[in-house]
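The same chain A turns up in both complexes below, where it pairs with chain B and then with chain C.
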Partner chain A sequence: MHPVVPNPETLSAVTCWSCLKEIDKAAHFCAHCTKLQPPADSDYFSFFGLQRRLNIDLKSLEQEFYRLSRKLHPDVYARATEHEQQWSTQKSSLLNDAYRTLRDPIARTEYLLELEGVKLEEQSRSATDEARAQGKEKQQVVPPDLLEEVFELNMQLEEMRMSKKLGERDEQVAKDLEAAKVRFEQTLAGSNTDLQKLWQEWDQVIAGGADAADPQRIAVRDKMVALLNRRSYVRNLVRDVNEALTADV
Partner chain B sequence: MAYSNKVIDHYNNPRNVGTLDKGSNDVGTGLVGAPECGDVMRLQIRVNPDTQVIEEAKFKTFGCGSAIASSSLATEWVKGKTVNEALTIKNTDIVKELSLPPVKIHCSVLAEDAIRAAIGDWKKKHAGSEAAAEPVQAKA
Partner chain C sequence: MSEQRIVGIDLGTTNSLVAYMEGDTPVVIPGEDGSNLVPSVVALTKDDRMVVGNRARTHLIDTPDRSIYSVKRLMGRGYEDVQEELKLFPFRLDRSGSGEVLRIKLGDRTFTPPEISAYILLQLKANTERYFHAPITKAVITVPAYFNDAQRQATKDAGRIAGLEVLRLVNEPTAAALAYGLDKGKDGIVAVYDLGGGTFDISILKLHEGIFEVIATNGDTHLGGDDIDNLLIAIALDDIAGDLKLDLRRNGAAVQAIRKAVIEAKIALSSQSTAKLNVELPGGKRYQREIGREQFEQLIEPIIQKTVAPSRQAMADAKIKPEDIDEIVLVGGSTRIPRVRALVKELFRREPHTELNPDEVVALGAAVQAHILAGGSKATEDMLLLDVTPLSLGIEAMGGVVAKIIHRNSTIPASATEHFTTAVEGQTNVAIHVLQGERELASDCRSLARFDLKGIPPMSAGLPRIEVKFLIDANGILHVSAREQRSGKEAQIEVKPTYGLTDQQVEDMILASFDHAQEDFRMRQVIEARVEADNILLALEKGRNNPAWQQLSGDEKHRIAGLEEELKAAKSGDDYKSIRAAIDALNEGTMHLAELMMDSVTSTIQGQTMSGADRTVGQGPTAPHPIAPAEFEHNR
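Coming up: the complex of A and B.
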């Protein structure tokens, strides 16, 4: 018997290239002949056979990751066809990206939002373009008082760094920073709790079978965008305050 | 991330870092942030009430090198322009001048936002006066 040389050009996504039987589109291996399948046009969720939900059981995700790592590993295909070798390399790297993204709560949320059509990296620019075209002032995506607070705290941080450089230690600044650290860590923790609530909402909407145009689905999505926008400032603050506090005097 | 020479120059020798009196009637203050990264920028202008020319501009940016360079450049550019001329500065002009890579475009957006916010604040202070009654020119 000749080995069948797979030609990705002529493959139907639902037919195993080797035994030509029908298989699941997202399946990594043929259910009949167990052969490795070419990378499907899948997102990170479907790569793991998951629905687009935000509550993920990290334990089973990890187990699935290790299972697939072993099964997709290029070493396994060292003697297989060139195509299979290629697929195993492609899928292994996809697997790593998918796992790294999904196991991190924030990266997972951001990734889902991108899948849902949000351009997190571009929202600011589009709002600016719009404001310019209309001759209006752009609406900042976070409340002005948060910006004010962030700015002030950054000023304080800078002051503290400066006095440290001069070998001084300003007790008042240090105290303010400690207080700010506590406050912002609380804010960050609070926003993580809020995010989890939104995950819950999201998963319910998805479980209810809402399609991409569903207004409720879009509403939850936009709430998550707003929350992540706020969060980025707070996260920076916590990072910078901690840096300033732990830096050697 | 390889920065262009112009970015490095502005970063090492930022022009017009500082503060203007926020309460002054001739000063407009713009405080803006980039949600993509959580960086913040404040840009202030002092406008001649008679000519509407921006005579002084100061900035303070807590952010990446590109944001610092963008705001530094923005203060240089707005100086000597009337407020309405300054409103025609686009983030893409900054991107071009500083050769910013695509991932740093939002840093230049921040600078344009800051200019517009500062001018907006100044106009608000003058609402009702002749200067502010003149509509902002929308330039594509």
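Coming up: the complex of A and C.
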């Protein structure tokens, strides 16, 4: 059996629907009769029996994903009662959603920050388009240290668009944009290293038993929010440049 | 048997098959004509009976307006989607009725695509029931991996209309991987390239200790052998118009005759360097032409090149390069074309696997999955399929853009939760538009359904908080539930599928089709039973001339004569059950005679007898067994 780390936030007893014995609320199966239990109100970390830490061993996450898949997948419950079939579908979807989120470093960090009550600034593609459709400015803060470069980039992008409208391609601007793209991609790579340092800080604070109101916990959290915002800003820039460079003349 | 058998069905564009697990090996169940493939052709005879498969094929030429093939291309689609299709296929659609579900005309009756598919399923069901002499009500049906929600739902509806509980829809390439992986048990990355009659799929799987995890899938649900046929038909029609000054474009029967000829030529070109077309045309003229393989390959190149982009996209999505792939499996009849094999080799830089029959491998895999769902056995106990949703799921946001909520290639079941609120004071309804596809604008994606959240308690604008849960199940089909969180009220959702049938419509079709199908099925049973009765009566006649007959006692001879009379009487009626009962009784009564005859034969011609015996035994435990001597007579 995989060692399940009890999560203090979900650890309390409930009754198994089948044998009526007392079991852990977060348990997927009854410890007595092994029956599948209905989906509990758990987050992705506790679904895997993990604490809210950001350094995750991906190999053992994968193994646990396979182990739980074998036990929760609807195929296993094809001959079970209708409600067990439903639970298995719901729990499998949770398992898959959780695995997809936790195995990706950025998605994992964003998810944790959401659990910490942060509403991440909407910088997704759909938000951009939505803002455009409504004729509003997308709410997005330019990271101060990038202000100057972004200003210049926007000028170049504008030039590129203008010449495209005339059916031309300005080779000099194209070259400048290529160079800017390389720089921003380096910035992106750098932010990944920075993020891992912040993971380290976060995990230490949590290991120290800091509660939600702990100032240190809040401080690391806010640093990660700032980093992710900056990262997504840069990522959008790279995307805009790519679009300008590859779109049909 | 307490547990009912669950069969695996490949409901194909060109051919359909049914398979089951015999012990640890999946096997295809043949039809009454002995063929494993049931052509996916349905025809309405002049006396209003539905015929399916090989028997329907002749109707394509004789009564093209009462028959249909490749109906899979119409599953889950609306009128505006099929305009391209209509230029190439002789689909006769009825636009007089209301609603968005397609209606196909056969003679003066109309049918929806799921109903036509249901007749094919009924044929497979009948073949299975004939084979097992037991009813079959549960099945696993395969669908192209790149099928969207509407196409999947339509397939499931077809199963229900045919009286089958569809326990699972399995993606065709994944099923093929199961069939291949069954005896291999090797870990690694496998790519399945599936080019069938009407659909193309590419799936990339990771095999790990019995888990078949799909990591990416892509495809084109309207690309396949049909397109090659249509191209060759178009060329032939042009030739005929030019050389023979005959415009046959509107002549359904002539087009079908040409279609038959080009398909034969296409198949021949996979093993020969040239093929001849020789078609008799109306007015006594003939169309004759020779095609070389090289020319054929040039012609089809643009079609098969269309598989390249989806293949590359799947590899990109799986974050792998061709070198990372350990095995490549070919599925679908069109992969028999040497040029297709060469293309696959170029794409994946690997010699593809072709050990299993590409026409049968999907059905065999479906049988494996059916076996797993039935509880499995030692051979399948570690096997688990983790499939993905092929297309992103999104909802229409302000300004007609799509907000993606479940991305393509997410392992299913998958879910997403979204929150909605009201825009107007006291608003009690919120409309949500769900779409599937990769494009940014709603108008470019596939509309799945419009949901109306009703019964929201009247509150100030923006105050209600409606939580909507989207769940894609293991079949790749979407389910939606909603709850208003402030009042805790479960919002009532009316699911209005954009292209599908409503539950009530499906329900009505089950009854409608069952009456006809049941009568068809009964008549067929009677005919089959009579044929069998004739066989055994003939065998008995021959047995009377055999020296073994003299070894029977007078009592035995008398008893056999009585049973013979009973069978003859039963045969003249049309109750197939009493015919079968009389057959069984006569079989039972002639057992001793058969043994005596068998003894005399084994002592004279040994080798032949063994092989003959082998063949009769090999037909399966419940295959009909007219008394042994007749079989030997035939073999000699």
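One rule holds in what follows: the second predicted complex is superposed on the first by the 187 of 249 C-alpha atoms of A that agree within 3 Å, B and C clash if a C-alpha of one lies under 4 Å from a C-alpha of the other, contacts with A are read in each partner's own complex, and residues count from 1 in each chain.
By our rule, a residue touches a chain if its C-beta (ideal position, glycine included) is under 8 Å from a C-beta of that chain, and two chains touch if they have at least 3 such contacts.
Just so we're clear, the structure is a prediction, and the values are computed from it rather than from any experiment.
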{"item": "Contacts of A:Arg183 with chain B and chain C, given as first, second, both or neither", "value": "neither"}
{"item": "First, second, both or neither for A:Ser69, with chain B first and chain C second", "value": "second"}
{"item": "First, second, both or neither for A:Asn154, with chain B first and chain C second", "value": "first"}
{"item": "Between chain B and chain C, more extensive residue contact with chain A", "value": "B"}
{"item": "Partner chain in contact with A:Arg79 - chain B first, chain C second, else both or neither", "value": "second"}
{"item": "First, second, both or neither for A:Gln90, with chain B first and chain C second", "value": "second"}
{"item": "Contacts of A:Val142 with chain B and chain C, given as first, second, both or neither", "value": "first"}
{"item": "A:Arg100 touches, of chain B and chain C: first, second, both or neither?", "value": "second"}
{"item": "Partner chain in contact with A:Arg52 - chain B first, chain C second, else both or neither", "value": "neither"}
{"item": "Chain B and chain C footprints on chain A, overlapping residues", "value": "125, 132-134"}
{"item": "Contacting residues of chain C [partner chain A, same complex]", "value": "167-168, 208-209, 211, 369, 372-375, 384-386, 397-404, 410-416, 440, 471-474"}
{"item": "Residues of chain A defined as touching chain C within the complex", "value": "66, 69-70, 73-75, 78-79, 89-90, 92-94, 96-97, 99-100, 125-126, 129-130, 132-134"}
{"item": "Sites on chain A touched by chain B in the complex", "value": "120-121, 123-125, 128, 131-138, 140-142, 144, 147-148, 150-151, 154-155, 158, 228-230, 232-237"}
{"item": "For the chain B and chain A complex, residues of the former touching the latter", "value": "31-40, 42, 60, 62, 87, 90-91, 105-106, 109-110, 112-113, 116-117, 120, 135-140"}
